[in-house]
Amino acid sequence: MAETAVLLIDCPDRKGLVARVSTLLYEQGANILHADQHQDHELGLFFMRVEWALNGTGEPGTDGGAEAALERFRAAFAPLAEELEMRWQLSWSARRPRVALFCSQYLHCLADLLQRSGAGELECEIAVVVSNHRVAEPLAGFYGIPFVHIPVTAATRTEAEAEQLKLLAELGIDLVVLARYMQILTPKFVSAYPARIINVHHSFLPAFIGARPYHAAHARGVKLIGATSHYVTEVLDDGPIIEQDVARISHRDQVDDLVARGRDLERVVLSRAVRWHLERRILCYGNKTVVFD
Amino acid sequence: MAETAVLLIDCPDRKGLVARVSTLLYEQGANILHADQHQDHELGLFFMRVEWALNGTGEPGTDGGAEAALERFRAAFAPLAEELEMRWQLSWSARRPRVALFCSQYLHCLADLLQRSGAGELECEIAVVVSNHRVAEPLAGFYGIPFVHIPVTAATRTEAEAEQLKLLAELGIDLVVLARYMQILTPKFVSAYPARIINVHHSFLPAFIGARPYHAAHARGVKLIGATSHYVTEVLDDGPIIEQDVARISHRDQVDDLVARGRDLERVVLSRAVRWHLERRILCYGNKTVVFD
Amino acid sequence: MAETAVLLIDCPDRKGLVARVSTLLYEQGANILHADQHQDHELGLFFMRVEWALNGTGEPGTDGGAEAALERFRAAFAPLAEELEMRWQLSWSARRPRVALFCSQYLHCLADLLQRSGAGELECEIAVVVSNHRVAEPLAGFYGIPFVHIPVTAATRTEAEAEQLKLLAELGIDLVVLARYMQILTPKFVSAYPARIINVHHSFLPAFIGARPYHAAHARGVKLIGATSHYVTEVLDDGPIIEQDVARISHRDQVDDLVARGRDLERVVLSRAVRWHLERRILCYGNKTVVFD
Amino acid sequence: MAETAVLLIDCPDRKGLVARVSTLLYEQGANILHADQHQDHELGLFFMRVEWALNGTGEPGTDGGAEAALERFRAAFAPLAEELEMRWQLSWSARRPRVALFCSQYLHCLADLLQRSGAGELECEIAVVVSNHRVAEPLAGFYGIPFVHIPVTAATRTEAEAEQLKLLAELGIDLVVLARYMQILTPKFVSAYPARIINVHHSFLPAFIGARPYHAAHARGVKLIGATSHYVTEVLDDGPIIEQDVARISHRDQVDDLVARGRDLERVVLSRAVRWHLERRILCYGNKTVVFD
């Protein structure tokens, strides 16, 4: 597959932004594969995602291969970005993000992500599985992923998080995925990976925040249950929502049935969020996400 | 179409309930069209819905026509019901429920219900359209439904409700449908029609209770919006949920788009709830519903 | 609401297209509200939709009001479009498309479109309701839309279509909507309104082409039924699909239930297709559509 | 968990069926957990599923434990079933069905079923994984399931099927699941396991029968893709449908995207079908299924 670059931009909206960016890309000889923009007229913000081929075919801007082309683009783009007050991220398909999967005792999300990764659905390196239990160890082993057991108790939370953070730093982790990890992260941990920790909550947020959402849904008598994937912020279950889905239930379904049906939702919304993050389709602003399709 | 009877039962669960009820129906010569049961094992409750033809074919139990057959069944069933501590409702297709539609300024739900009623989708007589505004008057007139304008202000709420209740009593109303009626009913009004007032709330309850749920949904950045139909109780937006549905939205959708998409959901969840109520498919227990399909 | 212009483009894909178009818009002082592109890499095609405000604020390119600004853009864009082999359509919000609604005996789609149009959901003038039956006449009358009865029999089809086409021409119709119109149009009629006749078919195409799709769906025992809106081409039920939706059914549902549930699907997929067409979100290519969201 | 029995019945409809069956169950002291009926009025057929506890509490009919209670019920029920021309199946939770999983090169469905089985979601013994390729061997091994490699070519189809059938017979297999097994079974094989072979087809049947349905869906320009699980009959992709689901796609999705999204649908519709079959919720009649919920 050809190597590609992705540029993600957000900045104050003004006239001519698309013209300026697309003209620069044209001058650099970029072969654009996908481009998408969004304007939030209320807040006066502009968002853009462009993906182009780094094909090194000898055309202007591609001499020296993909990496050199990327560096030339970066050098040319930086002054424009500064002038237009852009926040921007430039990424390159050859540099695959490194991911840590956190889990506890329920393994359906972990098994799903490992299977997808093994089947080539996720553009990343899964560098480690971290858990406060040992039950995931054989599964991680089967997929050839190192497993690290870090027990967590109320008394040891601080030390455990320090150990986790040290491990993530050593492994050069870009993204932390909480695959039904049942411990609450401290603000310190969260602030170390802003918009880089993805969690799945087993309800249709903002309904049923907190513990035992399927019990709460059953008690309220809802006719649909949901699951939500979101970036983790300091406020529990309150971060920017990435994806949600629901399933129909009926009066026949007891809490156990909700749990079973919910597992399918959790797998789907979490794996989509991870994939979209890895494909650099997501921009956060305020407490929301733009997800380019 | 043949005349039919529907029996709805709820009672403490015990062995032999289906046998007792179905044997009685058999002895009465009933030709069962649909039967459905549900047990809530947690609460030890039993629910049943049976629908049978009242065909007056001269078979035992049908001499004298449908009404007489119904009375014979009622007389035979009452002792059993008392023995087994059943709450029960017996209804007859020839006795069509009388419905009052309440609305304010948004007419999409009203228009939908009137069109469905006119097309024969709803087994009822729409006896009146009541509104605190005049905007619905021509639409009601087109469908030949009497329109009554009862203005409501904070100062006149008590008198307005008294006038509404008097009107409903005079018209022999069985069911009140709040088709985006934007006034909150007092406990007095609600208690006059227990499990007989259906409202549509424009969110996926229990998320976004109260006013301006689409604004709240937009602010939270959800990826699906919903609508909920429910019986009205004294607690705002807290009654037994009858139906819910959702639609996918994206970062491109502003509040106006949510409102527009939500209208389609509101129509669907409200009309389903009304239809199911009219077909006697719904049983309330605690703060939940059993909806037989 | 501000007046806006929409430009729809399709052309062979090549580098720099976005740069060329967006630079031209910038030079014309356009305040872009939405822009979206799509590339079909397989076929080497490029599609673009741009919407901008014609606000006449005295900025370059807006002197003389919206119409003059539009003309200046047209004059500037034509040479570029020719150079880049573009097919393009430029439209202006102040010029509302004129729509003819065709129906037969089922009125749910007609009632839905008229109600939406009356509520301001559809940016168009509904100029006429045409039917081979008289049943829709009162409904059209209620919404103040002229009703024309043109009976159609096998023997009179040619004359009837001639009369229809004459009427559409006289009324300056831009879009024909077949709201459950149960006659098959001849190729002559279809070719007079290429990609400007929208039909709703009551199945999930390409399953159950032709007559009585709900009967066919019931016979096959499917677990979901669907509806499809599409542009009409000479081949029955084969035109470019605009929108589809489905609803879950069960073994309990008889053909009548499928018909009833299907009505809700038909309303939704047809009204979406009409709205998207009116908002110039749809581009046809080959036998497919691009629908910009 | 308590041991339970499930009785599945289908027979010509007549009055009193529910009364007869439920009275017998009551006389046997059965503690009914779930009961559901369905009548096909068009064909005059009656279907019933009853599930009850075999709790061996010393009540009449339970002396001697669950197995004895089951045998007593069988003896009492057989004459009634004969009188009423019933086809019936009686099953017992302690006798877990034995399942063979067939796959080829795509492992997502296999991985999903093995993970669910390992997590206790499926009430069965997975006795063997059979494949015409070797790629599934490690996965089967991880879950401790015997793997048997039986290559199939056009020339060796007859011998391969004989080998498969011999293996299934030796293992006492009750259900064969084709988890994206890409070989077509011969009528001989199919007739050996009537209504006991479940396949997943990667389209919304009856659309896109046969090979490469995602390519066909892409070519037709549909807006939703689907997947279907069904019992295998002699006619390709024509057996009784058990479950279907769909996912929304857009013009942006290429065939590869359809394949990726479809995988999630395939997993869901296949696993639901397998679970419902194992829970004895499915009755086949004609070319359709009743699926009790």
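Read from first to last, the chains carry the letters A, B, C and D; within each, the first residue is number 1.
Here is the rule we use: a residue touches a chain if its C-beta (ideal position, glycine included) is under 8 Å from a C-beta of that chain, and two chains touch if they have at least 3 such contacts.
Bear in mind that the values here come from a model prediction, so they are computed numbers and not experimental data.
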B-D or C-D - the one linked by more C-beta pairs in contact: C-D
Same-residue or different-residue interface between subunit B and subunit C, half as cut-off: same
Most remote chain, CA-based centroid, reference being subunit B: A
CA centroid of subunit B to CA centroid of subunit D, Å: 37
Mean-CA-position distance for subunit D and subunit C (Å): 43
Shared-contact residues (touching 2 or more other chains) in subunit C: 41, 250, 252, 293
Pairwise touch network: line, ring, star, complete, or other: complete
Subunit D residues within the subunit B interface of the complex: 15-16, 18-19, 22-23, 25-26, 29-37, 39, 41, 248
Footprint of subunit B on subunit C - complex, ascending: 107-108, 111-112, 115, 119, 121, 138-139, 142, 250, 252, 260, 263-264, 268, 293
Subunit C-touching residues of subunit D, taken from the complex the two chains share: 38, 40-42, 204-208, 220-224, 226, 240-246, 250-252, 254, 286-291, 293
